[in-house]
Amino acid sequence: MTIATDRQHEFPETVWTQRVSLINRLPQPVAITLLVFAILAIWQLVALSGTVSPIILPSPARTAQDIVEVGASLFTGGYVFGAFLITLQEVIISFLMATAIGATLGMIVGGTAFGERALMPVIVAIDTMPKVAFAPLFLSWLGFGIASKVALATFIALFPIIVGAAAGLHAADENARMLFRSIGATPWQTLVRLRIPMGLPHFFTGLKIAAIGVVGGAITGELVGGGQGFGALIRVAASQLDTPRVFSLICYLSVMGLMTFGLVAWVQRRFVFWHRSSSIGNG
Amino acid sequence: MTIATDRQHEFPETVWTQRVSLINRLPQPVAITLLVFAILAIWQLVALSGTVSPIILPSPARTAQDIVEVGASLFTGGYVFGAFLITLQEVIISFLMATAIGATLGMIVGGTAFGERALMPVIVAIDTMPKVAFAPLFLSWLGFGIASKVALATFIALFPIIVGAAAGLHAADENARMLFRSIGATPWQTLVRLRIPMGLPHFFTGLKIAAIGVVGGAITGELVGGGQGFGALIRVAASQLDTPRVFSLICYLSVMGLMTFGLVAWVQRRFVFWHRSSSIGNG
Amino acid sequence: QELKQVTVVLPHPGAIGHFPMHVARCEGYFEKQGLNVTVQAVDGSGQVIQAIAAGQGDIGNPGPGPLLSARAQGVDVVMFYNHFAKSQFGILVAQDAPFKELTELKGKVIGVGTADGAEVSFARSMLTAAGMTEGTDYTFLPVGDSGPAAVAFQRGDISAYAAATADAAILRTRGMEVRDFTPEAFQGFFGNGYMATRAYIDANPDVIKGFGRALVQGAIFGSDPANREKVLACSAKANPQEAEDRVMLEALFDNIRLRVQPLDPSKGWGYYSPEAWKAWEDSLVASGGLKAPLPDLDKAYTSEFVSYWNEGVNP
Amino acid sequence: MTKSYSGRNFVALENIDLDLPRGSFASIIGSSGCGKSTLLKIMAGLTPPTSGSVMLAGQPVMGPRVETGMMFQQATLFPWLTAIENVLLPIGIKSGKAAAEQARQRALDLLSLVGLSGFDNAYPSELSGGMAQRTAMCRMLITDPEMLLLDEPFSALDELTRDFMNMELQRICMSRQATALLVTHSISEAVILSDTVYVMAARPGRIVKRLEIDLPRPRTLDMMTQPEFGAYVSEIRNHLDKGAFL
Amino acid sequence: MTKSYSGRNFVALENIDLDLPRGSFASIIGSSGCGKSTLLKIMAGLTPPTSGSVMLAGQPVMGPRVETGMMFQQATLFPWLTAIENVLLPIGIKSGKAAAEQARQRALDLLSLVGLSGFDNAYPSELSGGMAQRTAMCRMLITDPEMLLLDEPFSALDELTRDFMNMELQRICMSRQATALLVTHSISEAVILSDTVYVMAARPGRIVKRLEIDLPRPRTLDMMTQPEFGAYVSEIRNHLDKGAFL
């Protein structure tokens, strides 16, 4: 056996590390495009097959046409633009609020015996309740403006964040905890400087789920409590059986969701850079 | 400094380890009861204050009375019992399906570059869509039986599981991966015997969120897609502005959610027993 | 003889609103016509039509607005039995509100269920007829169902609420005193009716005949005050929960019993008048619920079975 | 003092009794698994003894104390902190951010003392095993603890580095009058550094020999060649527990 | 062969060239951080060299190979497996569950060989540092690898256990004609076990000395007292890199 400086036999890293399947080597945009095209093709086939009525599932072509129409109104500042702004505003505010409240509650739940044993069951019990049932309560306290929708969306997005934060606080191992105790860290410092950083991967799992939930929550709020956002547009289109419009509005909502999700994923990559690459105590 | 076998000065472990605050030392049932009582007290105060109409928020006493009534029908096999069984059945089937599908998709997303870069954005995009909009599609394909509700509930509960599973697959550290490579593990074996066990804490975070989501999903399915379960009962009560009934039905739903959540938490404690107590490579 | 299976799809799980059908079920009228009727409930008229279009149900009970929307999109669905022959909708104000004329609502906010519901076009038509224009003279605020509407009244966010008349009964029973403010002239705006696809009607004329006849029998049975208890019992059988609150059930029944009465009894039960459909179309076009008038409005409904249904069952 | 781990029903430590005068240096040596790390954790106040007590300056130890610095057998560096941030962590915890900022130069000095200058901004994943261990050493030293508890601190270092680090450790302890308790597997390391060497045996963990090392301070590496040194080493070796294997 | 870590722009290994005849035993010794672990990982096919190649039996190593057993510097036991399950893991991976079940007795033998009988059902969190290391040793040995790559395998063991383990390692390698490459910080361990000792220096990591050890096989612990042994030790010590500290 020889290990030699053998410049004739240089192996490019890609060949070396692992044989990557073709599909894994596609550049991301190409892969996504292919996948989306595959989905569109299936959709078109189903729509053409005639098994599904067009008022239930419009054809992709018909939907695309409507996407252009909605886009026209959206980008020229039409009523769709107004609705978009309202929903976007609700989504942003709700997400920030859910993050703040959820992180706090998650820390109480994950960080104290009282939180874990008493508060958590109560939070779970509350979360099981169909949140839509609380919409009238929020309406009567907060009125018909965006505040009541924000409250509902926050409420809906809260639970994943709580669970993620609470689980994260348990991620620190015994050695790390001992080290913190040995340097005289207060429980608070251990929380802030050990358990929270250690728990960030879990917390972000919750945040990602919440980033999506908050969009759905804002729409639900608008559906049940009136309002001028995308939810109202969808409801109008749905009641008129204008399914292409429903689908195209939903597509724009998806973009909003993708953006919030992408933002969270980006923040995670920046702040949890060490995850996966290493763990505590390894040289 | 002395370390001595000093039997006069035995310190009971509780005193030693940390000074636990009174509230943390309460036995769990007492703590929960106190908390629930506090919530009930606030609720009663709000209800009495007259700021909220009883149509919106019934008093706890009135709700309790209705809980008894509903309970009577539930436990004597009345129509509430039938509805309960249907919803329970939907919840169980949906949860199992969501777990199976979510774990599979999560593994594709977390385990392959294709999944992560192409499939995930598409899944996120789909998940952002208000799932209620898909209810008619499920209804038209699956009919009025429980299948369409199961489909919707599964769909709703899927995303947290996918995110949790995908995040979990990234939890294994570089050393552990290297060890597996060094013993000649195939990617599949690394997945099954390293990345999955390592990822279980994350996976369970997702499962817990889904355990709750599935109850909400089943109810939503019943609200929008007909059916004979709790959702239909809630809808009738809500349309009659019979708010105490709505609240008491919701309370029973909570119990169902608590049970599924508790089950997941119990399974987690059994299968992820090593989490928190230790980490890889520590003696 | 084998019974023919018929699935009926309703927009709401409540039973009392469809008491003629439930009476027909429990009195065995459908069986006599060779039909076995099962009932399913979905969420709203749009979904009713979707379910019928998907073939999951045979007969649906949507409102006229969504039906016309569906037709505008080339789905050949036809209303054949006018269930709520009188307007289901009205404008409600608080019992002690000073309003007497519609015009007194000038400068006020009027709550509506959704931005576009049937009650919106209805209310708009009424207010337009009273010489008022949306935006300048009054504004609509979408508040959702009757629960949030009650909130809106209490908060003073709205002065009136355009809603189904059943909502008035519900609000009243729950201690929220409201009164109906609807001019008699607008009773012609009929509400939900029974429909099926043209294809189904053509393929199963006997089903339509038998179904309608049983409905008429049920409706007539129900209009007789002597049968009140029986009707309520039939309804309770179909939805026990709804019937638990007796006061509420009776209030709803009293309201609905009036709404299903034919506007012009001489035309028979289930009759559709072309003028009323025209009025609906105009109102929908004006409110934007329809983009343009339909080229074949007369195909949206049919009264062809009315005479068969009413034969020999005259009240 | 006794310690047993419930679950596995055996006694980890039994009737341990040791006494460290202020400013003295003691070592514990004993076969793998005999309970050295457990003893250190108990002394640091990180685990309660099942019975008995630890007294520090006349007070029972009922939890971790600020004057005690502990270095664990595992480096336990935090992956989200660079080497220097890991070193400054205890300062930040005890005295806040500003103090940590002020101590930066001292941390850099410590890192270069242990041969890690240039690696202050490296993340733990970029450090070798021995480099991580040395970083953990700096982290313990940065707070100038009065009492040092060291669990095999030099196990991943080569002999030369180790010798150098031993001398530095002695210098630091002497200059600060610090008390030290070292767990090590190197008999010569124990002898060259300690005033007292305790030899432990396993199952149950107990002290089988207490040996005073009568060599003058400061010790130098040359002393290793002296005959007394060899005598101490072989005496200790004779007391080491051979039961486990032979 | 060269290796550099991008990010930190320095060369971890430069022009390493070493040659291990089948059945031979080689050791690498060098200051902490000089690149020993990196070299071992490259040889195990776990990290690609930046340039150059590793040849095993005439074939370039392009990834991990089954005949190679590697023991990492960190024990890397899996917390959800008991000691014996950790040991049996490679068998399970290579040959399935049934084979692992059959190898159970061998695993128990290996565990008792390293002094861990009775701990087979303990979880890693219940093992001491040295016990974890010995468990990792058993895990490597269970597959009878033809080629052993050992990264400081005995660093957490006491001298007696270490000596015993050294002799066992030699016996195992000789009886199986296995090739071994050992990274260690103990010069005497390197000399007593090896046919060849490579001395590495740091920055860039390179081999500064290759020394053949001409002592008869099998080696015994007594040989440590022979003058040749001492000569080898001091020769190696002289070549060790002192730059880092002195």
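Each chain gets a letter, A, B, C, D and E, in the order it is written, and its residues are counted from 1.
Rule of thumb we're sticking to: a residue touches a chain if its C-beta (ideal position, glycine included) is under 8 Å from a C-beta of that chain, and two chains touch if they have at least 3 such contacts.
Keep in mind that this is a model prediction, so the values were computed, not measured.
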Identity of the chain that, by mean CA position, is farthest from subunit D: C
Subunit B against subunit A, contact positions shared by both copies (same if over half, else different): same
Intercentroid distance (Cα basis), subunit D paired with subunit C, Å: 84
Centroid distance [mean C-alpha coordinates] between subunit E and subunit D, Å: 26
Geometric centre distance via CA averages, subunit B-subunit A, whole Å: 17
Distance from the mean Cα position of subunit C to that of subunit B, given in whole angstrom: 40
Contacts with 2+ other chains: residues of subunit C: 46, 50, 53-54, 145, 147, 151, 154
Junction residues of subunit D - those touching two or more other chains: 37, 63, 73-74, 125, 127-131, 133, 156
Multi-partner residues of subunit A (each touching 2 or more other chains): 52-53, 56, 136, 140, 174-175, 238, 277-283
Touching residues (chain side subunit D, partner subunit A) in the complex: 41, 44-46, 63-66, 68-70, 72, 74-80, 89-90, 92-94, 123-125, 127-133, 143, 156
Residue ranges of subunit B in contact with subunit A within the complex: 18, 20-21, 23-26, 28, 31-32, 34-36, 39, 52-53, 56-57, 112-114, 117-119, 121-122, 124-133, 136-137, 140-141, 159-160, 163-164, 167, 170-175, 201-202, 204-206, 208-209, 212, 215-216, 219-220, 223, 231, 234, 238, 246-247, 250, 253-258, 261, 275-282
Contact footprint of subunit D on subunit E as seen in their complex: 5, 7-8, 29-33, 35-37, 73-74, 115, 122, 126-131, 133-134, 152, 155-162, 164, 185-187, 237, 240-242, 244-246
Touch list for subunit B against partner subunit E, complex: 175-176, 178-185, 189, 193-194, 197, 272-274, 277-283
Residue ranges of subunit B touching subunit C (in the complex, touch as defined): 53-56, 78-80, 135-136, 139-141, 143-144, 223-227, 232-233, 235-243, 245
